[in-house]
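Since the structure comes first, as structure tokens, the remarks are kept for the end.
Order of writing sets the labels: A, B, C and D. Residues in every chain begin at 1.
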Amino acid sequence: MISPESPPLSDTPPPSPARADADLVISPGRLQAFSDGVIAIASTLLILDVHRPSRDEPVWSALRHEWPALGSYVVTFLVIGIAWIHHHNMFHRVARVDRTLLFLNLGLLATISFLPLPTATLGEHLTRQNAPDAAVFYALSMALSSAWFTAFWHHLTRHPELMHEAARGTAAQARRQSLLGPVGYLAAALVALVSPVGALVVSGLIVLYFIVGRRNPASRTGPESLPADAQEG
Amino acid sequence: MISPESPPLSDTPPPSPARADADLVISPGRLQAFSDGVIAIASTLLILDVHRPSRDEPVWSALRHEWPALGSYVVTFLVIGIAWIHHHNMFHRVARVDRTLLFLNLGLLATISFLPLPTATLGEHLTRQNAPDAAVFYALSMALSSAWFTAFWHHLTRHPELMHEAARGTAAQARRQSLLGPVGYLAAALVALVSPVGALVVSGLIVLYFIVGRRNPASRTGPESLPADAQEG
Amino acid sequence: MISPESPPLSDTPPPSPARADADLVISPGRLQAFSDGVIAIASTLLILDVHRPSRDEPVWSALRHEWPALGSYVVTFLVIGIAWIHHHNMFHRVARVDRTLLFLNLGLLATISFLPLPTATLGEHLTRQNAPDAAVFYALSMALSSAWFTAFWHHLTRHPELMHEAARGTAAQARRQSLLGPVGYLAAALVALVSPVGALVVSGLIVLYFIVGRRNPASRTGPESLPADAQEG
Amino acid sequence: MISPESPPLSDTPPPSPARADADLVISPGRLQAFSDGVIAIASTLLILDVHRPSRDEPVWSALRHEWPALGSYVVTFLVIGIAWIHHHNMFHRVARVDRTLLFLNLGLLATISFLPLPTATLGEHLTRQNAPDAAVFYALSMALSSAWFTAFWHHLTRHPELMHEAARGTAAQARRQSLLGPVGYLAAALVALVSPVGALVVSGLIVLYFIVGRRNPASRTGPESLPADAQEG
């Protein structure tokens, strides 16, 4: 799960002098590659928490009773998929990884690896007495996992030298946009108090918005003016 | 799980102007790399659903009783392996990933990650009362996972500009060929109503056809006239 | 899990004309990358089959009672590690993947993904009544997983055009050497009939031989006369 | 999970003559890529050992009772994350992988794959009678996993020819620094005898030190004087 390095861009200073903490040298490509691995595994493990129909149960009715687990599976899978896309869109603008980015990334990955737990909890409880608690736990976990992106962009806004020169103007706006995730999932947590199913639906709608709804003219001025290899790498 | 980017081909326009939705910039290589990860994990998780002989059971007879689970393991592993091959054969003709391809791919991956569930269900029920239901569920899941490829090719047929120039002529035919999977597995679902074991056998035969039977003269005119790095990347 | 392609070597003909079955175009680098993923996952899943000491058990005595599972874990982990090394050593000599190599590889991966089952079975039964059966099952699974390499080399011996020119002379000898695995594990299966623990020890010794014992002067004439990028890729 | 090779550095001799054991040719990039895969999977599997609140339990109180498992999850995730960083920082100085490095790496990976077991054990026992044993087991496992790095650096100190020329001066110091892990975790094992929770806290503090505390002026003279592609690859 390793990536090739982009050839150094003309606008990037050679990495050496900036790396005072040489014991933590990780290139953006490698960070992405490792992250890809963790994200792919977390999303694939989700299905293990959907109960297989046992030998005594009629298959279709057992699956029908599993709809909360199946619905949670679909929503979380897509949430993680969107996180993967956002992760790439962020790191293809990053020219150099400092210690803060490195450990923000570890925090993000620990949170994404954690998501099978709230997903399984929601699947188990959604049609039962403790559904509101389970849905709040689920929505807060989603909010936390997306809040890391705001932290990333906050750091990048204050340290534009970590980004490819052509992308530096995009950080402030990306930080604003990154609030949609945590704010949306916090709203889902509020909905959960009234309607646990509603919280899952709201989470699904947030994902759907990222999939079909988001057309962002402003970000057009950002990355695609990057040199080709920065975009591709 | 990241891949290097092919150097831009002469026939590919620079990616920038086409990327209006810059927040979703993913290169074909990276999409493939992440997909490889999910596909590899899904196929490796399958074995977790085969029951280990417990300490009170004679080993060989316990394994013999597990033949439905073992047979389902082998067939699903090969189905996923074929999907991986088709995925690569498609994406090595793709020069640019648009939003639709990106989310079709998320759908495909969610379906492949889902396959351990119907596989475990078939393994558990194949020799029991609910075998027809389990086999229909299994065959429909396989049909769904292969139907995504038809959707991919349908989109590529209508947007040839997303493909390497040399590959554009192959999309229509690939779309036709991609129907074999969904049609074949739907046939297996029909067989399941009469003979659940027959459905597993038909699924295995479809895989076998892809492995040994398919010689496709027409596609010869396609990809291999691509420039070498398009094919390789 | 994708790899960059080596730049075409001077001794390799351009891949195009040989690819009659264009629907199965997979480069050696990608085949290795996907295989790396499956192999890494299979070896990491092994620990899931070692029982965690339950809350009522004293930790150390519970772990002591798990020695069969722990021993099987270590041996299988190393067996898979050796398979990974052999896989790379084979594919770095391969210039072009044909349909046979592709499906031999799927077979190898299906077998390696399968290994958690016999490993768990041996761990569960080694100190119990059915230990001989479990050990035979274990050793035969290991024999099967290593026998694929003999099949690979057999195919490569008969199709030297699939290899980098400089490596072609090494196939016949590699085929002979590849017999050590299946023959050794079949011997372990025979030992299992008398002493199940002995079979695990023999398997461990085979691995140990690969790790510390093997110095193979003849193969020195092979790969390292390859051009550097063939070796590295 | 494969990486491209760095172009041969000017100070690295061509790999061929040194590779007497040609059957074990693995490039540093590939070794890292495979290791990335195993490390990513091991860290992602950890969450499977945190009990999901069952349908009869109130969600929040069930999660509160899982704090030992959740705390162990966080600490082990970060320990593995740090190991990943150290692994990269080591291998980006390595120009050539010999047999010893290859098998030290297999040992390291087997140990990291093993960590879900002590983590689950600690999570299960931390608030129970056998907590000291579980915590000693946990801390010793962590000590073992970090001790491999001392072994790596010891080997590299004695075989500087395996390293990029510019990095050779850093091995002795890296070996000294690598003792922090094993010594720190052995101290945690001693603490465990008195306070099991204290052992988890100490382990967390060691990780925290790596994250926020370590500023190492001496290593500044090391890697960053490497040529750029050695650092990046």
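Just so we're on the same page, a contact is a pair of C-beta atoms (placed from the backbone, for glycine too) under 8 Å apart; a residue touches a chain by one contact, two chains touch by 3 or more.
In this text, all values refer to a predicted model and were calculated from it rather than measured experimentally.
**Student:** Averaging each chain's C-alpha atoms to get its centre, pick out the one most distant from subunit C.
**Tutor:** A
**Student:** Interface check for copies subunit B and subunit C. Shared numbers divided by all numbers used: above half gives same, below half gives different; which is it?
**Tutor:** Different: when the shared numbers are divided by all numbers used, the fraction is under half.
**Student:** Quick one: report the Å distance separating subunit B from subunit C, using the average Cα coordinate of each chain.
**Tutor:** Each chain reduced to its C-alpha mean, subunit B and subunit C end up 25 Å apart.
**Student:** Quick one: subunit B and subunit D, Cα centre-to-centre, how many Å?
**Tutor:** 35
**Student:** Specify, in ascending order, the residues of subunit A that touch 2 or more different other chains.
**Tutor:** 1-4, 29, 33, 37, 41, 45, 48
**Student:** Can you name the residues of subunit D that touch subunit A in the complex?
**Tutor:** Its residues touching subunit A are 1-4, 29, 32-33, 36-37, 39-41, 43-48, 50, 52-55, 57-60, 63, 73-74, 77-78, 81, 84-86, 88-89, 92, 177, 211-212, 214-217, 219-220, 222-226, 228-229, 231-233.
**Student:** Residue numbers of subunit D touching subunit C in their complex, please.
**Tutor:** 1-5, 8, 14-17, 19-27, 29-30, 33-34, 37-38, 41-42, 45, 48-49, 99, 102-103, 106, 109-110, 113-114, 116-117, 120-121, 124-125, 128, 130, 133-134, 137
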